[in-house]
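Below is one structure, written out as structure tokens; the observations come after it.
Each chain gets a letter, A, B and C, in the order it is written, and its residues are counted from 1.
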Amino acid sequence: MTAFARNQWYVAAYAHEVGRELLGRTVLGEPLVLYRTREGTPVVLHDRCVHRRYPLSEAPTRLDGDRVVCGYHGFTYDPTGTCVAVPGQKRVPRTARVPSYPVVEQDSLVWVWIGDPARAEPRAIPRAAHLDSPGWVTVRGMEPIDCDYGLLVDNLLDLSHETYLHGGYIGTPEVAETPITTEVDEGAGIVRVSRHMDDAECPPFYAESTGIQGRISRRQDIEYHAPCLYLLHSRVAPVGVLPAADGSDPDGFHTEITYAITPSADGKVYDFWAVSRDWATDDAGVTEFLRKNNHTVVMQDVVALNLLQRTLGTERTGYQELSINIDTGGLAARRILARLAEEGAGAAEPVAGAR
Amino acid sequence: MTAFARNQWYVAAYAHEVGRELLGRTVLGEPLVLYRTREGTPVVLHDRCVHRRYPLSEAPTRLDGDRVVCGYHGFTYDPTGTCVAVPGQKRVPRTARVPSYPVVEQDSLVWVWIGDPARAEPRAIPRAAHLDSPGWVTVRGMEPIDCDYGLLVDNLLDLSHETYLHGGYIGTPEVAETPITTEVDEGAGIVRVSRHMDDAECPPFYAESTGIQGRISRRQDIEYHAPCLYLLHSRVAPVGVLPAADGSDPDGFHTEITYAITPSADGKVYDFWAVSRDWATDDAGVTEFLRKNNHTVVMQDVVALNLLQRTLGTERTGYQELSINIDTGGLAARRILARLAEEGAGAAEPVAGAR
Amino acid sequence: MTAFARNQWYVAAYAHEVGRELLGRTVLGEPLVLYRTREGTPVVLHDRCVHRRYPLSEAPTRLDGDRVVCGYHGFTYDPTGTCVAVPGQKRVPRTARVPSYPVVEQDSLVWVWIGDPARAEPRAIPRAAHLDSPGWVTVRGMEPIDCDYGLLVDNLLDLSHETYLHGGYIGTPEVAETPITTEVDEGAGIVRVSRHMDDAECPPFYAESTGIQGRISRRQDIEYHAPCLYLLHSRVAPVGVLPAADGSDPDGFHTEITYAITPSADGKVYDFWAVSRDWATDDAGVTEFLRKNNHTVVMQDVVALNLLQRTLGTERTGYQELSINIDTGGLAARRILARLAEEGAGAAEPVAGAR
């Protein structure tokens, strides 16, 4: 099982998911309740009442203004997590508070810091500006997968699986056939994997959305910011159509595919996915096509990874894997995640009920 | 997890549930089969055939007169648990018997003694005579809950949760606001919690059934006989209508709410519930209203406690609770249950197959 | 739990189940994928890709000619288990192979050897020629049961349960009443249990299929070849109709009831069942009647054994059974299985990914 890396930022939700209803999420095993104050500020609290540990994200728990009123006995918390009312008495115990979590809303994502709050540094959050920039249109979704988050990292760092698992959607023979180049910035925790196909079949995902007929030049440039953010810079164009010498590329189609890989609990991960484009932005048909098509692709991964997790769950310990060139990026990611987990080990855990 | 207290009486079933069909129940982890002889005497036997441990409560096991015939190979038991017939041979092994349990039918409840049969004392069983007395009308039911029985004890000893979990049914703001008084008889194992509201909103449960309009005087007097029987003596009347000096109370509405809290297995409890009244006893509409309304209330508890158990199941060990005044009764109950469990530890367990 | 006996042949599938679709089965905890080459030879490989352990029996894994192409990243295996292609590179690692299993197709059964391949001896496989011989008509099926395979062995070695669990189908009072004779060949691992009823009620299973009216002479001769093959030689005839002195028996109805008892994983077993007859072989109505009737009987066992397994799963360790004469065959079978398990312990397990 891939160890969790504490003292890191993770995407807990899309901005549009956090509102005036209580939302429960579990990140790195920490139960969280998310909501937005009347002024619009996102709040993330520990999702357990200090009294008898009822989940604050569950009905009949409700918001009263900016306060959370526990649905079991009415313990009431303000946005800092301080308990401000209890039943049957005026005095609220001094120690009654639930932990609150550092939170940053950026690029339409709600990032939460899991670890020692004193070390939370918003500038460390990697950007995905295309998710929330003028001129870009994005389709998105989130699927929970019942697998170790490391399996999803493996999956996304090695796109040769597109040919087999996603054939007929985004995979063509060339993806599996074409060797990759891998660059690892161990210090920054970034893995880059590139696959440039000069003359490839155009998969339906792009053929139907771009209108390109015939074979294509296709580039997949992965940029994984461990532990959570995965960017896939995709360029397709008719064979021979290359960017200009000055870097401009009016005839190429650029698509940004974003994943946030958020470990939930042991053997559970949130798979946030988004496809952003700056072409055909007014074409609702393309938008709907990409939404459906990418959702199908994501669900193929979900089914395969759920299966793989169940399979590994029945393996004898000490089973072996056999890695080849295509796994270079994934193996680098595992190394970085192991280091981050080690560095974050012992990071303060929230003390429930008192601190 | 709340330890089980052996050498105690527990409600295994309502009297009307025990008849000429075999009924399976599990009490304190002991599998039981219940039935009634042709003459009407309730019988409780260990629910496992001595041969290959087939459950005697499961089809095609059946009654043949007063005998139980195992549905797998036909081992046959009389009401004492003695095996009287086996297949393929005339001689029945001398050791072939299943344990039988002391049983008492009283107040429409079937009580079974779990522990050393020599110590079973029927007079120790607390009474709930209103469940089976002329002049009283009772609605009742039983819901299994997938939680530690201690969570149900907690729930019932602290009624401030009515305001939040049962708002719109039996809860009003005053229940949570009004302080309680608690009396504990440690020796007898009885906890009393009282809440007297002089001027309170009338909850729909009572407004629609009694016809009282406007605000009420409301009393909740809990009497918990650990480990199993919980009585809630409820009085409602229009504000200012008090019992007479001689104790008579013709204008108050008295309702007896009874629970039997029977630990089934680890993390499982039977929630027997009943509502008895001596007013409007001829009004079938009131009967049906109280049945539906109280079932709804019980199901709100079931949902919340199932959720709470799942939640606690994922907690790190050593999690904390924060208790306040409202928890005085519940904490006393936990203390008493712990003492009873300790006293009952080591009580003879039935020896299956031979004794 | 009954230990698994390695270094033994087991039925993994019926011959008709193995074709040009990949079939997944688990035998003694070993995940297997079965298919047939274009020429018709059955192949059994370890059901895990060496790369990331994706199950080869699961879509989108597929056959390409005689080769298996993993549905995740396209690792490709020939019928010997040798990996012959991987994505992104020409060179296939020398160690890339999945274990293959000795396999024998005989009597319409696909037998696989679990253990040290060097010790696989096809002649050791017991025969069930009636399953695939001219003049015989067979109905068959397979039901997975969620129980220890030992419970199914117990069940089949002691047919007294027919009277109780299968009353109205194949059981009559005489089956439970009539004593058995048991013969054990410990060395060969064969247990024989016989029950001869001279004057018995004819169960509906035989009354409706043979047309016999009135009481019958009925013989049940069990021949269990541990660990996997169970044969029940059944003869019914009108009372007094006996085989001739020369052994011929033109007026008796002979039915061969075959079971293959294949341990799948802990607490899981495949129950292969077949009923073969050499009478009324042209009567499709009889065929259909026997198929339905025996399926009903098997499902009665499935329900009972699933229940029994769940029941035993909640027992305290050290629970007792009480055995009597009818259990002589079952106890002998347990002894033999324990010996076979001990002899097979330490038998080579397939090394995944390399050997």
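In this section, contacts are C-beta pairs under 8 Å (C-beta built on N, C-alpha and C of every residue); 3 or more make two chains touch, one makes a residue touch a chain.
Everything numeric in this text was worked out from a predicted model, so none of it was measured.
Superposition of chain A on chain B using C-alpha atoms only gives a rotation of 120 degrees, nearest 5. Of all residue numbers seen at the chain B-chain C contact, under half occur in both copies; the interface is built from largely non-matching residues. If each chain is reduced to the centroid of its CA atoms, chain B and chain C end up 47 Å from each other. In chain A, no residue touches two or more other chains. Against chain C, in their complex, chain A makes its touches with residues 154, 158, 160-161, 163-165, 167, 176-180, 304, 307-308, 311-312, 314-316, 319-326.
Looking at the complex, you find that chain B touches chain C at residues 31, 48, 50-55, 58, 60, 69-74, 86-89, 93, 95-96, 265, 351-354.
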